[in-house]
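One chain, chain A, appears in both complexes that follow, with chain B as partner in the first and chain C in the second.
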Partner chain A sequence: MSAPAIPSPAPAPVAPPPVETMTVKVNGKTLQVPKTMPDWQGKPQATTMLQAARCAGVDIPHYCYHDKLPVAGNCRMCLVEFGTPMIGPDRKPVLNEDGSPKIAKSVLPYEPGTPRGAIACATPIAPGMEIYADSPATKQMREAVLESLLINHPLDCPICDQAGECKLQEYSVQHGQAGSRFVEAKVHKPKAVDLGPRIVLDDERCILCTRCIRFTKDIAGDDALGIVNRGSYNTIAAWKEGAFDNNYTLNTVDLCPVGALTSKDFRFKMRVWFLKETKSVCTSCGTGCSITIGSREGVIQRYEPRENDGVNGPWMCDSGRLNYKWVAREDRLKDVMVGGRRSTWTAALKEVSAKLAAAPKGSTAVVASARQTTEELFLLKKLADKLGAQTASVARTGEADKLLVAADKNPNTNGATLNGFAAADLPKVAAGIAAGSIKTLVVFGEDVTQHGIGADLLAKLETLVVSDILPNATTAAATHLLPGAAHAEKRGTFVNVKGRLQKFTKAVEAPGDARAEWEFLHDIVLDVTGQDGFVSIEGLFNQMAKEVPAFAGLEWAKVGDTGVNVPL
Partner chain B sequence: MSTKVVERKPLTAYERTYLPSFLGGLGVTWKHFKKTAPFLGNKPITMEYPEQKWVVPEGYRGAPYLVKDQDGATKCVSCQLCEFVCPPKAIRITPPGQDGKPADRANAEKMPEEFEINMLRCIFCGLCQEVCPEEAIFLQKDYSLTGTSREEMIYDKEKLLKLGGTHAGIQKWKHKLDEAAGQEVFPVETR
Partner chain C sequence: MSFAVPATLEARLDELTTHYPQKRSASLMFLHALQEHFGHISDEAVEWTARKLGLTPINVHELVTFYPMFRQQPLGKTHVKVCRTLSCALAGSAEVRAHFCEKLGLDAHAHAPQTTADGKFTVEFVECLAACGSAPVVLVNEDLHEKVTAAKADDILRTGK
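And now, the complex of A and B:
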């Protein structure tokens, strides 16, 4: 096996221009922070106190502020006490006896004894500024803000889906007062409001941070939400009841720091503290949003977007998020079938390998799926090369949108292309079967009867090896049926439409006898080609990186949680 | 370490007849007999269990059961904290989900679809009672739990509610509802 030409290493990145910095002090620690930092759209803006504190490793609590949303500054949770260097009448800094600049703490102008905080999310830093993120005055401000937010909060955590991942709970523990002094009747607002087809709103829990309003207006581009009524009766509302319906509404559930906006799909389904979180990738389109799968005891309960600025930012679409139920479908393929009878993996793989090895060169075709992992496609290609087989994959297109959804509905079209599977070759397979030159067909993860190879053509074959997850017309016609695993049940990588290679890990077990395709493909490849060495997904990936030029230099361990870009 | 060597005296001829020890033992038996024998005017100190039952003291940690409120409604809201805290994982709750049955009392929104306690696993530690934010589960006074199969020892929601009885409480959900209804009329009632 000759080593493929490894492209010459990319030129060393040009050193970025020196960043202009200024000196600030956070909690007594002096540090240099950049004068400008990216705002929610990535444009450089004056660094805020909150960003400067983050540079110092200090987290300032906040509700309405979000990295990827315009700053509103309405929750007041990030209030901090601060000071700036004092300037004398001669416009020169006033110095202490030891020569250090004298700091004037911000105080109320009409009451100089009382500290006056500033909201860290929207206040730009100034040279020499001191931020007191845990001074007694700051703590008192936080306590007061939390007390105010909790005045009309119903405290119905036992029935609230947000409990366990609620910022109001977390900050109340970290920064709040132990007891409540409120003895009056709370203001009651509408509960279980039907905001849209996928969202329920509990107005009593809302703290009016307006994250949902800003998201849907500025990110999703659907100005559907707003605040109605006055004073204590402020409520979030859609412009018409039930009208909050775009393909990104469920992101507001993630954004909502409290349990006001909850997902109908996840409503009363499982408490979040039971969920095992697994890093994975969404398979609903070619974008391949990074996701976190929440599962409990082998059952997927929900998908959530995982922040990945190289792919999806912190968002994902509703259709992708809700597309997980098929994994737990009752009619999943669970048994290995040979000639219509239940068999075992050992017997079936032996027979498949023997049939493939015995097939005359060129009489075989392999139809792969761009829903398979890159590693599986690599193994299939290896098998096809040995057999001199005609290869093909299946294209799947739909509508794209402006934000995340791609027109390509296969998650790994580029993984298939880079491994040498092209959708354009599918008619050649059909023609080969029709002409009688192809007698053995290997199909992975596709119902070829829907794509030009009808049941009449399948009937002409001598051997039809099919691996799939759910039953269809092709699996029904298979002579050898090998049940495969969904992406949530195995490890692997996908290459998205922009060439981002991302790995995903296993969240749940495959049902019945179903096995990850790369595992049994390894056995078949070993039997047919005699090539061994892929006993683990890491080893398999590293082997693929050596042989496929686009992945040159990659290693499983070096592909981080957010993936790497590969040349297409 | 200091050790004390105990001198072992050889038995005398009288002691070697074993009579003193034998008589001493008989004496102890007779003393107890005098103290306990019913016909000597003593009260019995054992019980004819199971015909007679022990009076369980207050604070006893018997089997945990679900209770209903004074209106006969399920108090549990399926928050699953007891399931989480239960050290032997004896509790198993099926939450109602989006399409499940609504709670059988107004305003609580949620109640468990199924609530099972495996009494074979339960260690009667009382953490479920302690963690419950709704005062819906209490360790009661039942200590003799029997069954003829393992399945029988898994108590379901219906059985737990039946055995648990009623526990009158503050009914916070009802209170919230009343308060909200009060705000529907003008002028708003203040207290």
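And now, the complex of A and C:
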């Protein structure tokens, strides 16, 4: 070793030891795969045939297997034919004439003419193993498994809510056969079971993969589901109807590969193929779970977790998932208002800029919500700096849980802090108004009357510029009201409680005249400071990255879909 | 009827729990004892067992529903068990059971054990009663009836009050 050993208090991460590999062959392609790979908890475990096939770019169909759940191995969908190098009586490999190792295909011990499959999800690889993921024997096994799974299935795809995102449909098309030999009467099981406050279960569609049981027991920590009865009468159930009620139940709907578990909120609302999917971030707490927004014709229909191992894994909580309806509320602020009258953006922004520019230095305060995007907070800070304004934010705390929910209920507290907005400064604003030193107040996204700046204080102001999404006591008192956009209606970034910066994109249009705050803030900043920024979110973000040390070196285009960690 | 486990039974079960490395392993013994005492395993019994063994009720419910000889409802006074294993099936046990059901006003196509509304009779299919030579056989409470015909079945119903 030639590297000098310099002791340092915070050693740079040492290069990981070289990964031990093993040679296997997948569908005739020889490749090296790691001997161990992460299991559902991320611990290294012997690489399975399913993982090895993935390394070769071959996806082996599966129902019960899930990367982030304990392996159950009960659905049999991932059965594959395989072979291992033959060992002679002398314990040495048997070779072909050309010197290559002779492979013994797996066969039934009592019936050597019949191939014997192994479940790829739970069978570790061995050196020299060959996996035949598309051999005739493998195909036959898949057909048989699918035929078996469909024996008691109602085949009610036309009225099934899962249609379009159903693994049973997909695999039947890819790997199944057209007909079934089953002519007997199907077993009938409970339909439309009220499993919990947010879940409906159709037991006839269930293929008993037990993903839901394993999730709720091993991930959510609520051992509430089980399989009752036996044989072909096996049925997923909770102890009592409606008893499946923890804050993560809707993940079982995502996990369910078929149409058995459905969300009460989403079922029968929309055929999934009509949904436009947009990558976004949940705003219900400081965790900021990555989500996919499903929308159609400008209306959000559902949130689903988007897998992000840096934040939420594949899960999200029910309360966050269902917290989207406010975006489409009827009473959304839609009009630009000046002095209580409807105005236009051009006129209102001109007047706001003029008022701010004319305000004596130090007579202004800016209260910005930690629910605004990082870019908006950056622009507000620029404005505040020019005006010598007192800045403040608003803290919002609640209960945390062990899995995902954070105590901080603001999605962007760190984005606010990094841009110089602190909740601790709010009393200073109140005091300034009370003392008469602050005459102009700019409020973005908060009802300050709920946070120590009551209507009496607001009445003392000369100018109150407010931007918000929904009406409240502060927007009612505004001299200048600028309707803003929900996160789903604009682009931007949030920095979560652990310092993960994630970007989100626009799913739907803002209602009426409402506009993304960063767009009109750009205009105000230009008018007041004379600094022209960027009229695109990319340019704005890159500018912010140059000026805010925590974001140094970042570029919008380089922040991937799962975000990056920034120093706090 | 309120659910109350006698102190002696509870003490016996508590002692029994100590025989196992995990409390959960005592589940079946608990259920046997409770069924023996109460005649069937009620929801309260499931919840009581779960509480005693540190389980969730669904864990115990899975067991109760898995084993057909755990009863979730009280049985009728006369318990008619019709064998349906091969010899009896070939000798017409399905007809025998259908006859019982018909006479008692029960659904001959139902899967699970059925009890008449007056609580007098329970009819169910069971597996081999080990009397294949005289199929079809029916076990009525503890008495074995061999080569059961419709007429014999009527006799059983007449006497089993």
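Here is the rule we use: the second predicted complex is superposed on the first by the 554 of 568 C-alpha atoms of A that agree within 3 Å, B and C clash if a C-alpha of one lies under 4 Å from a C-alpha of the other, contacts with A are read in each partner's own complex, and residues count from 1 in each chain.
One rule holds in what follows: a contact is a pair of C-beta atoms (placed from the backbone, for glycine too) under 8 Å apart; a residue touches a chain by one contact, two chains touch by 3 or more.
Note that this is a predicted model, so its numbers are computed, not measured.
Trainee: Is A:W239 touching the first partner chain B, the second partner chain C, both, or neither of them?
Mentor: second
Trainee: Does the superposition put A:K29 against chain B (first), chain C (second), both, or neither?
Mentor: It touches nothing on chain B or chain C.
Trainee: Check the residue A:F268 against both partner chains and state whether it touches chain B (first), chain C (second), both, or neither.
Mentor: First partner only.
Trainee: Please name the chain, chain B or chain C, that touches the greater number of residues in chain A.
Mentor: Touching more of chain A: B.
Trainee: Taking the superposition on A as described, I'd like to know which of chain B and chain C A:G226 touches: first, second, both or neither.
Mentor: Only chain C; A:G226 stays clear of chain B.
Trainee: Pick one for A:P158: touches chain B only (first), chain C only (second), both, or neither.
Mentor: The answer is first: A:P158 touches chain B but not chain C.
Trainee: Does chain B (first) or chain C (second) touch A:K186, or do both, or does neither?
Mentor: In the superposition, A:K186 contacts chain B only.
Trainee: Could you please specify the touching residues of chain A with respect to chain C in the complex?
Mentor: 223-230, 233, 237-239
Trainee: Of all residues in chain A, which touch chain B in the complex?
Mentor: These residues of chain A touch chain B: 154, 157-159, 163, 184-188, 191-192, 264-271, 273-274.
Trainee: So in the complex, the part of chain B that touches chain A is made up of which residues?
Mentor: For chain B paired with chain A, touching residues are 77-81, 84, 95-98, 100, 107-110, 133-134, 176, 179-180, 182-183, 190-191.
Trainee: Please give the residue numbers of chain C that touch chain A in the complex, ascending.
Mentor: 46, 55-59, 61-62, 65-66, 111
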